[in-house]
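Everything on this sheet refers to the single structure shown next.
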């Protein structure tokens, strides 16, 4: 692992570690929790043939929507892309491979990689089209589907607060997939609105302990983008 | 589930729901996080033939040590009982069935019940005596052991702070197995040093959301017991 | 005279009781927020990781990190918590959500539900609907009785890919409220001014109707 | 003249470098705390759910909710976090702990480790040792070279039930520091005043010794 005292760095240096063809988990459910600044740096640097793992495809012109529009994503593992017309078009045109998982299974498959297991046994989706094609085994007189963990080379996560060792604190519904991905990927690049000295966070309030985080960068809250579909009920 | 507004109650009323022969998860690693007041009420009320699931057996005369000494426990699922001489004697005399799991697998088997899965697939313990007797399956060219979830009728957990809906906040190394057990058991009885009105806790700092908690009781910090083996290094 | 949507929502709101944990699906169910009395002690779960959602006041500035699963900005009420997606779905799979409301493309006599895919036309992904439908204690479907071409949505057997099999407890449309029972769909309420024959004509599924016990809504 | 334990601990402390995450097993390894310079940026993991353990000052009042996995009261250093047992072992299985120190009943030429059970005599349970041994990046065993009856603990093949197979990187006793290599146990350091023959006599496992490169400790 990266040494504790070598993690805090410039955003471009952090993103430069990502190579063409990498698999990358990206935090966020809609806009909250999406690491917009890290994604913009990735767009800028030009890495391509990426596999992205994200709950949704953001919207057409923000977050991973920009990478999809720019043709930089070969494959997307997700639960729902309904708010991104371009992603749906790219999928229908065969330029983007989209692998759909029910959201709770997607979360759990990522969590499973973070826990260091091969997979888990579930009854979710048995008897449905989306649950077909999985290996099934019988245990205790019932049938269970094997759901293998999802791994990735990198995770890009968004936190509200961090310290220089890489401890992370999330806020509100920006938590979502971020702590799961921060445990699951080989290397984890985190952005935070504020990066404090070690000791600046309360031990009980840390969601992701620094042991899981490889690089930490500070970003301006103004780089956050607002999902256009977000609206009052 | 118990309605939100019916959870806050007297400790004896909460414990009276437990019947003879119940399986009960008990939080705590050593003394921190052990729900001493709930266990003392259980001792007082006399339920017997219990199956307990706890990381360790506490020490001979505190926590579940009292229940074991009083002959109220038939079976203990645990990772280590080295600090409880009476538990070892009862085990050797055949009066207490002890089922040992490696600590991380024990935690994960409980977490797995809390996540609503049947089990998970692991490489921990392959090729060791303690890992024998498990069902093994081959996936992706490797062998994995099936670890079924551990379920229980009840969990007794200790929190530092709570609110009347049953939201829980833990402190320090008293966290340990508590949030896992609070998700895993059918009914969850939580004790806390302070129980606030709803709104008295910060949403991001809640470790166990109230949806998992059935009953919440307030206990005096003075009821906490200090493990005799705790010492300076 | 209430609109069809208002009729459905007003009837649906009666299914929620104090002390419950409630999930409101995307679309029409989300509008149930407006039918919950502010002093009703109910925590609304949203699967993106919040328990205790609340409408934000008109004109109040939105917190950009607080949305519900439909993408609407929300606030929280006292007793709320936020958490990661694994915990959120653990709560669902452990049946800690008392009641969930969802829309439907099709629903049938056995309580099968299809609401995520129309092959060749619409397949944006299933999101969190599968776990919510399969594992909730009580699933209430809110939908129009017929599609925009007038075809029945309450069928003998769903034809679209299922979200989950045998998951629905109650169906509320602008025409009727129907309980899913072992014997089939039992009409409990029928809309003001609608005849039993008109209801049967608009429905593909066979309906169990005891006119002496029908309520109007 | 340092005691045997002091000799082992002083040698072991040299294996820890700045910026690492370190786990100190119960017993002798825990005493390594005293050999870490206070300004060395190292986070000590304890599997009961803390990263960043620190000794508490003499005379300071203990926080009853803060112990390490051996039951000792601890404090925390800046950058510390506390967490549940599932996360603690996820950290271990994901190899986020750089180096772990453990005691041993037996350790052998292939790096097999036995430290939890003596059939018929001692079987209090394995605790967290199995995952720590199987999944740590680098496992250093600290133990006496021989048991209290003088029998070798460094064996050709472990006879007791294993904690984990082929897991040990380095063995440090009061007599030698031995690296586990594909070819066997390679002695890197030998205790001051001890001859190679004396070391071999006290050891069951065959030892690889290049006298020209041996360091004294």
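We just call them A, B, C and D in the order they show up, numbering each chain from 1.
Simple rule for what comes next: contacts are C-beta pairs under 8 Å (C-beta built on N, C-alpha and C of every residue); 3 or more make two chains touch, one makes a residue touch a chain.
Predicted, not measured: the structure shown is a model, and the values here were computed from it.
Asker: Going by the contact rule set out at the top, which chains touch both chain B and chain C?
Answerer: A
Asker: Across the interfaces B-D and A-D, which one involves more C-beta pairs in contact?
Answerer: When A-D is set beside B-D, the one with more contacts is B-D.
Asker: CA centre of chain B versus CA centre of chain D: separation in Å?
Answerer: The mean C-alpha positions of chain B and chain D differ by 29 Å.
Asker: Would you kindly tell me how far, in whole Å, the mean C-alpha position of chain D lies from that of chain C?
Answerer: About 57 Å, centre to centre.
Asker: Round to the nearest whole Å and give the separation of the Cα centres of chain A and chain B.
Answerer: 32
Asker: Approximately how many whole Å separate the CA-defined centres of chain A and chain D?
Answerer: Chain centroid spacing, chain A to chain D, equals 36 Å.
Asker: Show the residues in chain A shared as contacts by 2 or more other chains, in ascending order.
Answerer: 108, 115-117, 123, 171-172, 175, 203-204
Asker: In chain C, which residues are in touch with two or more of the other chains?
Answerer: Residue numbers touching two or more other chains: 50, 82-83, 86, 89, 92-93, 135.
Asker: Once you draw an edge for every pair of touching chains, what topology comes out, line, ring, star, complete or other?
Answerer: Graph shape, chains as nodes and touching pairs as edges: none of the named types, so other.
Asker: State which pairs of chains touch, listing all of them.
Answerer: Taking the chains two at a time, the touching pairs are A-B, A-C, A-D, B-C, B-D.
Asker: For a test of understanding, state which residues of chain B touch chain C in their complex under the given definition.
Answerer: So the residues of chain B in touch with chain C come to 1, 3-6, 114-117, 163, 165, 167, 183, 197-201, 203-204, 206, 209-212.
Asker: Which residues of chain D touch chain A in the complex?
Answerer: That would be residues 18-21, 41-43, 45, 50-52, 76-83, 86-87, 89-98, 135 of chain D.
Asker: Mind pulling up the chain B residues that touch chain A in the complex?
Answerer: Residues 108, 112, 115-123, 135, 137, 139-140, 142, 144, 146, 148, 169-172, 175, 203-205.
Asker: Residue numbers of chain B touching chain D in their complex, please.
Answerer: Residue positions touching the partner: 29-33, 55-56, 78-83, 88, 98, 100, 102-105, 107-108, 110-111, 123-125, 127-130, 160, 171-180, 207, 224, 226-227, 229-233.
Asker: Note which residues of chain D are touching chain B in the complex, please.
Answerer: Counting only chain D, the residues touching chain B are 30-31, 33-34, 46-50, 55-56, 58, 62-74, 82-86, 88-89, 92-93, 117, 123-131, 134-135, 161-165.
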